[in-house]
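Two complexes follow with subunit A in common, the first pairing it with subunit B and the second with subunit C.
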Partner chain A sequence: MKVKPVASVSVLIILAAAVLAIALGATGYTPSLELRPLAEFYLKHCLNPFKKEYWAASPEAVTSMLWDYRGLDTVYETTVFFLAIIGSVAVFRFAEAALTSYKEAEKGKPKAEEGLSLIVRVITRIVFVLIVALSAAIALHGHLTPGGGFQAGSIFAVAPLLAIAAFSRRFLEELGLTKNKCLAIRTTGLLAIALIALIPLAFVLMGFAGSFIIQNQPKPWALHPVFPGFPVNLGPIWLAGTLILFNIAEYLTVASGFTLLFILLALPEEFFRRLMGK
Partner chain B sequence: MMEIIDYALWLYMYSVLVAIAAVAIYGVVARPNILKKIIALTILGDTANTFIIFIGYRLGSTTPPIITTLTPTPEQISAFVAASVDPVPQCLVITAIVINMAVTALLIFLAIQAYRLYRTLHVKNLARLRG
Partner chain C sequence: MVDVLLEILFLELLLAFSLTLALVLAYFTIVQRDLVKAAVLSAGQSIAYAFTYYLLAAPDILFAYIPIAVGIYTVLLLYAISKTERYEEL
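Then we have the complex of A and B:
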């Protein structure tokens, strides 16, 4: 391989700069016995019933930061996710026509020939159910145990990938996971996130001054009457206000978004070629 | 003696991460194949995420940042703060991983489309083609 001088020199410069930055203490005081003040604040207040003006009502510090303290940041990251998937769908704009011609060609074929061997198919059926159940549990318990919407959606995304490899695209279609349904579920999830984020603003119109976007719990220093906040628990079930709602909405968004991408990627190549005249 | 070994291991981890990042940057900049550029980009993203998680490590604490009771006493909260790792890097990384995955998917879709149109993934050949 020919060594390219510009690339090698730039890589060397980046390497030297990174080593110098770390040597000069760019990473702060790691490893350390102390926490950074910001982290200490989050840990101290995420579930502090004695200081309810700062709490997020969730024992999980990461989720309470993700959807409460740093909520706007996460919403913007969801927007990036939305744009990436919309971009992928736009690039594959031939997919609809390819899908139709693919379905027509598939009609005559006997069904039993699809997929890998019997052992793989049986195991995949079992694992498919387990993956979906696990991802749902992680999403619904995201405010209590490690996990949340992003994690659960990423775990769910493995299931359609496995099904496409072991069976075929038709398996997903028989389950009801078609391209348009995935788009619809994803859009519903995104709309739910936007609506939950905007509910406190609707309260402003009703006279509850001092509430803000993605507010979870009431803030006592706000002007009276104070925004009541989302319910912390429903009887014995801990809800943690908006956190469980955001987690479920994000789960639907991420899971259906990745399923959509895998459905598009699994379209057979020859149909695209035929359509594009190549 | 143990402190010196600890510090040496720590520096070793940092240098490994920086070296992987350098290799990944080289791959993105210098490899002509778009698929290899994408692979290098995912390696770069994962290295950055590992680096951020690494910064969040706290000496002597192995507790995840989760309170194990829903009705904590002040003593339990201060014990939790004293034992838990830094939650901020974990929070930053979890969104970054998913966004990284989605952006990689978008790049792969673009690469597939480019291959369908031009029958090549070599950057130089792609640049020569017009229209």
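Then we have the complex of A and C:
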């Protein structure tokens, strides 16, 4: 691409002017020093052991908001994601028998030719493990450090993407990540989210009056007897009640949803041509 | 207080730089005729935005933004380009 000198000079001038204007205070101070009342509430109460009726038992204010204070929003978001993946799977619908027969035909072909060069494949093997480990760490620490189920799941999704690019689709299948398994993991994750959200309601049937859907910690001002809440810690391990459970379930849902999508996208065009020809 | 103001000024400068960089990369993404290069430039724009999120102290957004905008979105675009022509016609 040829960059004209006039264009590049004007871009530089725009850049310099924008930086100068903001340095002189054109926008005011963007990250405000004062907190808004709502932010102050969340920051004050998300890990406040002296006001346990408002706390979420987690030092991570964002995760507390996502899965406790505004939990229903996140459940709906997960539902939207679920429907999006369902739509993609519906677009790629085909009989499982067709895939099996295609694989049978492919079996005779030589295997050594697959993928990119040796350097790329070795590096991808290392990075693959690191990405999976990092995503699991982010999911399991979602209630303590920045990140959470959705972030960890989307980070995980990069791993199968790299594997498909560097090796082939077969690499994932040898790891056991087939279409049906991904669907099963994803449905399990979603059911787990629904179950965890509904457990407080089950306590209503057992006689605990003061509980509501997606409740994490007990609310002492509710009707008695009070719902005991989810365990805050297990010995030295901080659990933050439902937050860790929701994060793990969301991680499984998002990671397997994206992986499913990539497995379907990586199907060779030849396969669909053959399918349409039938 | 002066320390805080200096820090904020520095933050503002970095914000201005990264956002203008994103604007420049977006412009080149649009004028680029080679769609593969355009996808890579778009990923560069996403990196500039990710840097902005980091500066605005939003690591939660950053963690979701980097894999999706730089990884998944770019690869989906490249996949779509592989099904069509690489060069945009006039």
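As a working rule, the second predicted complex is superposed on the first by the 240 of 278 C-alpha atoms of A that agree within 3 Å, B and C clash if a C-alpha of one lies under 4 Å from a C-alpha of the other, contacts with A are read in each partner's own complex, and residues count from 1 in each chain.
Criterion: a residue touches a chain if its C-beta (ideal position, glycine included) is under 8 Å from a C-beta of that chain, and two chains touch if they have at least 3 such contacts.
Remember, predicted model here, so these are calculated numbers, not experimental data.
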Practice item. For A:271, select first, second, both or neither according to whether it touches subunit B, subunit C, the two together, or no partner. Key: neither
Check your understanding: Looking at the overlay, does A:208 come into contact with subunit B only (first), subunit C only (second), both, or neither?
Key -> neither
Practice item. Please indicate which partner A:39 is in contact with in the superposed arrangement: first for subunit B, second for subunit C, both, or neither. Key: first
Check your understanding: After lining up the shared chain so the two structures overlap, which partner does A:155 touch, if you call subunit B first and subunit C second: first, second, both or neither?
Key -> second
Check your understanding: Which holds for A:84: it touches subunit B only (first), subunit C only (second), both, or neither?
Key -> first
Review point. Now for A:74: first (subunit B), second (subunit C), both, or neither, which partner does it touch?
Key: first
Revision key, fill the gap. Winner on subunit A touched-residue count between subunit B and subunit C: chain B
Check your understanding: In the superposed arrangement, does A:165 touch subunit B (first), subunit C (second), both or neither?
Key -> second
Exercise for review: Look at A:138 in the shared chain and tell me whether it touches subunit B only, subunit C only, both, or neither; answer first, second, both or neither.
Suggested key: second
Practice item. Once the two structures are superposed, pull the subunit A residues common to the subunit B and subunit C interfaces. Key: 11, 14-15, 18-19, 22, 27, 30-31, 33, 62, 146, 148, 150-151, 154, 258, 265, 269
Review point. Touching subunit A in the complex: which residues of subunit B?
Key: 6, 10, 14-15, 18-19, 21-22, 25-26, 29-30, 54-55, 57-60, 64-72, 74, 77, 80-81, 84, 86-88, 90-91, 94-99, 101-103, 105-106, 108-110, 112-113, 116-117, 119
Exercise for review: Quick one: which bits of subunit C touch subunit A in the complex? Just the residue numbers, please.
Suggested key: 4, 8-9, 11-13, 15-17, 19-21, 23-24, 27-28, 32-34, 37, 56-57, 59-60, 62-64, 66-68, 71-72, 75-76, 79, 83
Review point. Quick one: in the complex, what on subunit A touches subunit B?
Key: 4, 7-8, 10-11, 14-15, 18-19, 22, 27-28, 30-36, 38-40, 42-44, 46-50, 59-62, 65-66, 70, 73-74, 77, 80-81, 84-85, 87-88, 91-92, 145-146, 148, 150-151, 153-154, 238, 254, 257-258, 261, 264-265, 269, 272-273, 276, 278
Practice item. Can you check the complex and tell me which residues of subunit A touch subunit C? Key: 1, 11, 14-15, 18-19, 21-23, 27, 29-31, 33, 62-63, 138, 146-148, 150-152, 154-155, 157-158, 161, 165, 258, 265, 269
